[in-house]
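Look at the two complexes coming up: chain A is in both, with chain B in one and chain C in the other.
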Partner chain A sequence: MPDSFLMIGLINVLDPINIAAILLGTLIGMFIGAMPGLSATMAIALLLPLTFSFRPETGLALLASLYLGAMYGGSIAAILLRTPGTPAAAATVIDGFPLAQQGKAGKALGFSLTASLIGGLLSSIVLLTVAPLLGALVLNFGPVQIFAIAVLGMTIIGSLSTGSAVLGLLAGALGLLLGTIGMDPTTGTPRFTMDNLSLFGGVPFTVALIGLFSVPQAIRLIVDGDKAKTMTEDAPGGMVKTVSKIKDRMLPTGRQFIEMLPNSLRSGVIGVIVGLIPGTGGDTASWFAYNEAKRFSREKEKFGTGHTPGIVAPEAANNAVVGGSLIPTIALGIPGSSATAVLLGGLMVHGILPGPTLMTDHGAVTYTLLWAVFFANIALFVVGIMFTRACISVTKIPNRVVGPVIIVLSIIGAFAINNSVFDIWLMLGFGFLGFLLDSCKVPTPPLVIGLILGPVLDTSLQQSLLIGGGSWMVFFESKISAVLLVIAFLSILQATPLFRWIGIGLRRVRSSQQS
Partner chain B sequence: MKQRMYLACASALAIATAAPLAAQDMQYTAANEVTVLQGFAAGGGSDALAQLVQPYLAEVLGVNFVNQYLPGATGAIAWTRLAKQEPNDGTIISITNTPMLMTNYLMNPAITYTIEELTPIANVVTDPGLAVVSPNSPLETFEDMLNAARDNPRTLTVGNSGVGGDDFFTSVMFERAAGVEFQKVPFQGDGPSMTAAMGDSIDVSFNNVGITYPQIAAGNLRALVVFSEERIPELPDVPTARELGYDVVAGSSRGYSAPAGMPDDIRDQLVEGLRIVTENPDFQAAAAAQAMNIDFIGGDDYTAFLENQFVEFSAIWEEVKDDVQNQ
Partner chain C sequence: MTRLLVALAAIIIALIFRNEAAGYPRVAAQLPKLITSVMIGLALLAIVQQLLAWRQVTDGASRYALTMPSWPRIRDGSVFVALIILYAWAITSIGYLIATPAFLLSSLFIARATKPWIILLTAAIVTLAIWVIFVNFLRLPIPLFPRI
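Our next item is the complex of A and B:
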C-alpha cells in the first residue's frame, strides 16, 4: 500500500500547479526569511490563510517549500548583515559573516545553499523511506530522556564561547536565569513576572533573539555609517561592513564539494535526529551541528574566523530538521518544531486529521507533502542560485538607511509573533542588553541557548522527579538518558584542562621512567 | 463513493437553500464587522473553532469576522483586554475556553478579570475528558487503574495538560470521587501528555477525546474511561465514569463571550446565529471531520454553566492549592 501511495504522491507533485507552488513558495520564503526577525514559522503562519482555498496538496506543497525557502533566506541575512533572519540561522552568523567580510560572500552563500541541498535531500530520503518506522522511536523520548538531551545541549555552551569560556558561561547562566521567568511548569505559580501577564508564558525567545542579534548590529550600522563599507579588506577584525555585492563564484568546485560532503552528511543526520525530538527545532540542531563540526575538526581555532565548515554544518542541519520534524508530525500527529506545528494546523484546516491515519486514509496527500519537501530542496538550490544576487540588493542601500530599516523590521517582527506591544519593548530591552554585552566582549549565543533550554530543563526535570517519586536515579534507569548524560559529562570534562593535565602527568611519568 | 456523491449534493442543496433564507431571516444590527479576540496562537484549537464556525456564522448574520490573535498567559491577555478595555456594543467578542477562563484568575491573583465582567454568549463545542493508557500497559480496564491507585497511593503516574487545565482538574475531581491519590505529572499541553502515555513514560494520561481519538482508533492508545454524560458514539465500548458510579463529568469547552453589559437584543442575535449554525447539517459534518463534539449551550444557560464551573473549581482549588504549590 505505501508503495502505491509513494507513486501517487510523486505524480501529484509533478502536476504543474504544484511545481509552480513549490517554486513560488521557495522564492517568497527566501525573501521573507532574508528579512531579520521574520522566521520560517511566521512565514508559514502568515501565508496559511492564503492556502485555505487551494487543494490540500497544493497548499501543503506551498507551505513546505516556504518553510525551506525561509530557512535559507535566514542565512542570507545572517551571512551578509550578521542579523539571522530566522533563529535557525543564528549559528551561521559565526563563520558566515566573517567570510563575507573577507569579500567571499558568494562562497559563503554558495556553501550554505549546497549544504542545505545535501542536508535537505538526506532528510527527505529518510522521510520518504522510514517515516512510518521512525515514528515509534520518538515515543522513547519521555521527560527523563528530554532532560538528558537538554543537559547535553547545555554543554554546547562550553564550545560556543569564542574567546573566554568564563564569559561564555556567564552569558549561558544569564540565559538560564532569564529562562526561569514565567509560570512554574509544575505548580503554575508565576515567577519573576512582576504581575505582567505578557511574561506569564516566559520570555518569548524569538523576541529575545531578534533583539539580541539585530539591534546591536543596527546600532553599529547607524553609528559607523558607511565608513566601514569603504574600508579595505585588511580592516581591523571586528569592524563591521556589510557586503553589497557577490564578486566571487557561488557554486563550490567539485573538490570543495567532496570536502564538505562528510561534514554535511554528519550535520544532516544531527538535524534529522534533533528534528525528531518534539520541542526542539532548527535552532537547536544548527548549534548542535556547529558544535560537532568543531569537535571533529582538526582546525578548531579557525572556527569563528570565516571557516567554511562552520557554515556548512548549521546550514545542512537546519534544512535536515525539516524532514526530521515532519516525521513525528506525520507518523504520530506530534509536531517536532513550532514550524511543523503550524504545518500541522494547515493539514487540519484541509480537514485531514493528524496521526497514524495520515499514512493510510490520507496517504496520497501525505506522500505528496513528503515528495514536495524533496522537490522543494532542489527548487531551493535552483532558485537560490538564480535569485540570491537579487536578494542582496538590500545591502546596497546605505548603512544609515539599513540600520533603521532593521530596527523597523525587528519591531514589526517582535510585534507580529504575539501581536503584543509589550514584546516590542522586550525586544528593544534585549537589543540594549545585547549591545552592552557586545561592548564588554561577552558572547551572546550562549545566552540564547540558555534561554531556549532553560524552560525545557525546568519542565523535564520536575516531571522526571515526579515520575521517579523524587529519586534522581530515574535518570540512570533509562539507557537513553544514561548514555546521553555520560556524553554530556565527558564533553564538560573535555572543555576543562583536566585531560591536558592527565596528558602532562603521563608524559612526566614516562620521562621520569626514561631518565 | 455513491454516498459521498449524495453527501456532496445534499450539502450543495443545503447551502443553496439555507443561504437566502438565513440572509432574509437575520441581519446583525450592531456592526458590519465583528472582531474576534483569540487568546491562543493561530493554528491552535481555538483557531480551529474560529475557522470552522465563523464562515457559517458570517453567512447567517451577514457580517464579517476578523480574528485578532493575542496569545499568552493561557488566554488571560486576551480575556483581560476583553473584560477591561473593549466596548460592549457587539463589535468585539472573544472565544472563551473553559475551565481556563475561570481557573486562570482562581489560581493567579495577578489575573484580575472575572466572569462577572463578561457577557457569556454561547458554548459551541465540548471535548470530553478521558483516561488513556498505552496498549501494552498492565492496566487493562478502569478497575485495574482504580486498584493500582488504591494499592499504592501516590505512585500511579497520571499525566495532565498542565496545572489549571481541564485535565488537571478532571484528575483531581476523580481522585476526590474515588478516594484515591495519583502522582500527577503536568505537561505542556494535551499532545505531550498523550505522547508520554504512548511511550510508557507515565502510567495514565488524563486527556481529551478530540486529540486522542485518532491514536485510539489506530491502536496506539487504550481508553479506560470517558468523563462524558453518556457514552460517545466514536468509543462505544468505553464506559463513562458516571455509569461506573463516579459522578465526574468534565472536559474542555469552547464558546464565545463579549464584555459585560452587552445589550440583550445584540446578545440574542449572536446566540440565535450560533444556534442556527450548530443545527446546520453541513456544519455538523465539518465539525465531525475535525473530531469536534458540538455542545451548544446558549445565553443564560451558558452564564449558569460558567458560574457553576467557577464554584466547583474554586472549591477544588482551595483544597489542593497548598499541596500543588508546595511540590
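Our next item is the complex of A and C:
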C-alpha cells in the first residue's frame, strides 16, 4: 500500500498546478525570509487562509515550499545586512557577512543556496524513506500508546524550548488546557465555552496560530523599527556599511562543489537528527553544524573571517531540519516545531486530522506533501539563482511598513477561515497573549503544540480509561507506553534543579572520598 | 520578577478553569483537572526557581527589579494596539474598503514609517491587492462598505 501511495504522491506532485504552487511557494518564502524579523512560521500562518480554495495537495505543496524558501531567504539578510532574516540563519552571519564585505556577496549566497539544496535533498530522501516506515509501525498503536506519545512530545517540546524549561512546560500545559475548550468528545458537555456557540467546536487552531505568530511580530516591527538594517554597530572597527549589490558570480564551480560536499552532507545529517527531536529547530541545528564544521576543519583559524565552510554548514543543516521535523509530524501527528505545527494546521483546515492514520486514510495527500518537499528543494535552487538579486530590494522595505500590512493580512485571514467576525477577535486575543508571553520570555511554540495535542490527548485518555475500566494503571500495562511515559517524566525532571543537585551531591561525595 | 508574575497568573488561570470544571461530568472534567494540577505544580516550581535565583543575587536593589521598556516603545506599542482594535471593529462596521486604507494610512503616518507618497502608494496597493485576492478571487464575504 505505501508503495502505491508513493507513486500516487509522485504523480500528484508532478501535476503542473502543483509544480506551479511549489515554484510560487519557494519564491514567496524566499522574499519573506529575506525580510529581517519575519519568520517562516509567520509566513506559513499568514498564507494558510489563501490555500483554502486550493486542493489539499496543492495548498500543502505551496506551504511546504514556502517553509523551505524562507529558510534560505533568511540567509540573504544574514549575509548582506548582518541581520538574520530568520533565527535559523543566525550562524550564517559569522562567515557570510565578512565574505560579503570582501565583495563576494554572490559567492556567499551561491554557497548558501547550494548547501541548502544538498541538505534539503538529503533530508527529503530520509523523509520519504523513514516516515512511511515509522507510520506503518505507529499503525499498531492504540489509544494508550498514542496518549503516551502525545505526553512525551509535549514534555520534550516544553523542556527543550528556548528560555526557561519550566516556563516552556507551563506554556505547553496552557496550550493543552486551551485545547480542551469545546465539546467533550465522550459526553458532549460544552467545556469553558462561556455559552458562546462559536467555541463549541473548540478553539479554531488556525485562527489561534495566525494570532500567536503574526500579531506579536507586527507589534515588534512597529516598536523596534529598523535601525539595525542600514548600519551595523559592534563590528570590528566600529560601524560597517551593509552590502546592497551582488557583483560577483553566484554558482560555485565544479571543484568548489566537490569540496563542499562532505561538509554539506555531515551538516545535513545533523539537521535531520536535530529536526527529528521535537522542540529543537533550525537555529539549534545550524549552530551545531557550524561547530562541527569548525571542529573537523584543518583551517579553524579562518572561521569567522568569511570562510565558506562556515556558510555551508549552517545552511545545509537548517534546510535539512525541514525534512527531519516533518517525520514525527507526519508519522506520529506530533509536530516537531512551530513551523510544522502550522503545516499540520494546513492539513487540518482541509479536514485531515493529525495522527497515525495520516499515512493510510489520507495517504495520497500525505505522500504528495513528502514529494513536494523533495521537489521544493530543487525549485528553491532554480528560483534562488534567478531571484536572489531581486530579494535585495525586499530587505530595504522599512519594518514599520511591514507591521501594519501583517495586521491587515492577519485580520482578513482570520475572517476567511470560517467567515466569522468572532474569529477576528479570537485571533487578536491570541495575538496579544502571544505578545505578552514573548515579553515575559515565555516560549510560544509549546503553547501552539499544546493546542494541537489537547484534543488528541483528550480522546486517547478517555478511550484508554474505558479500555482499562477507569484504572490509570492501563498506561503501565503496555511496555511501549510505560517506557514513553517514564521518558516524559524524566524530561520534566531535567527541567528542574533536581539533576543539578544530584550532580553537586555526587561531586561532593567523590571529592570527600578522594580527600 | 517577570517569572514570578507569570507563575502567579498561571495559578490564577488554572484555578479558574479548575473551578469551572468542577461542575462538569466526571469524564469531561478528567483532563482539565489533570492539566490544571500540572500547571499549578509547574507554576510553584517556577516560583521556587525564582526564589532560589534571588537568594544568589547579593545586590538588594536589583533583586526585585522589573525591567520596563522605554517610554517611546510603550507609547508606540500602545498606539498601534489601539489602532489594531479600532481596525478590527471598523472592518465589520464601516467596511473593508474604508477601514483598511484608513488603518494603513494612520498607522504608517503615526509611525513615520517612510515618505508620505510611499505611504499613500502602500495603502492603495495593499488594499487593492488583498481585495483582488480575497474578495475577487477567493470570494470572501467580507463587508466592503458601511452597513446602512
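As a convention for this text, the second predicted complex is superposed on the first by the 285 of 515 C-alpha atoms of A that agree within 3 Å, B and C clash if a C-alpha of one lies under 4 Å from a C-alpha of the other, contacts with A are read in each partner's own complex, and residues count from 1 in each chain.
Everything below uses one rule, namely that a residue touches a chain if its C-beta (ideal position, glycine included) is under 8 Å from a C-beta of that chain, and two chains touch if they have at least 3 such contacts.
Because the structure is predicted, anything quoted here is derived from the model rather than measured.
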Partner chain in contact with A:389 - chain B first, chain C second, else both or neither: neither
Partner chain in contact with A:419 - chain B first, chain C second, else both or neither: both
Which of chain B and chain C A:440 touches, first, second, both or neither: second
Partner chain(s) touched by A:295 [first = chain B, second = chain C, both, neither]: neither
Partner chain(s) touched by A:508 [first = chain B, second = chain C, both, neither]: neither
Which superposed partner A:143 touches (first chain B, second chain C, both, neither): first
First (chain B), second (chain C), both or neither touched by A:191: second
Which superposed partner A:180 touches (first chain B, second chain C, both, neither): second
Chain A positions touched by chain B in one structure and by chain C in the second: 52, 186-187, 189, 419, 462
Contact set on chain C toward chain A in their complex: 2-3, 5-7, 10, 13-14, 17, 20-21, 24-25, 27-28, 30-32, 34-36, 38-39, 42-43, 45-46, 49, 52, 69, 73, 76-77, 80-81, 84-85, 87-88, 91-92, 96, 100, 103-104, 107-108, 111-114, 118-119, 122, 126, 130, 133-134, 137-138, 140-142
List of chain B residues in touch with chain A within their complex: 41-44, 47-48, 51, 68-74, 76-77, 80, 107-108, 110-111, 154-155, 157, 162-164, 183-188, 191-192, 195-196, 198-202, 214-215, 217-218, 220, 286, 289-291, 324-325, 327
Complex interface listing, chain A residues touching chain B: 45, 48, 52, 138-144, 183, 185-190, 193, 195, 197-198, 200-201, 278-279, 332-335, 341-342, 344-346, 348-349, 351, 353-357, 418-420, 459, 462-463, 466-467, 469
List of chain A residues in touch with chain C within their complex: 49-50, 52-53, 164, 166-167, 169-170, 173-174, 176-177, 180, 184, 186-187, 189, 191-192, 215, 218-219, 222-225, 398, 400-401, 403-405, 407-409, 411-412, 415-416, 419, 421, 424-425, 428, 432, 440-442, 457-458, 461-462, 465, 496-497
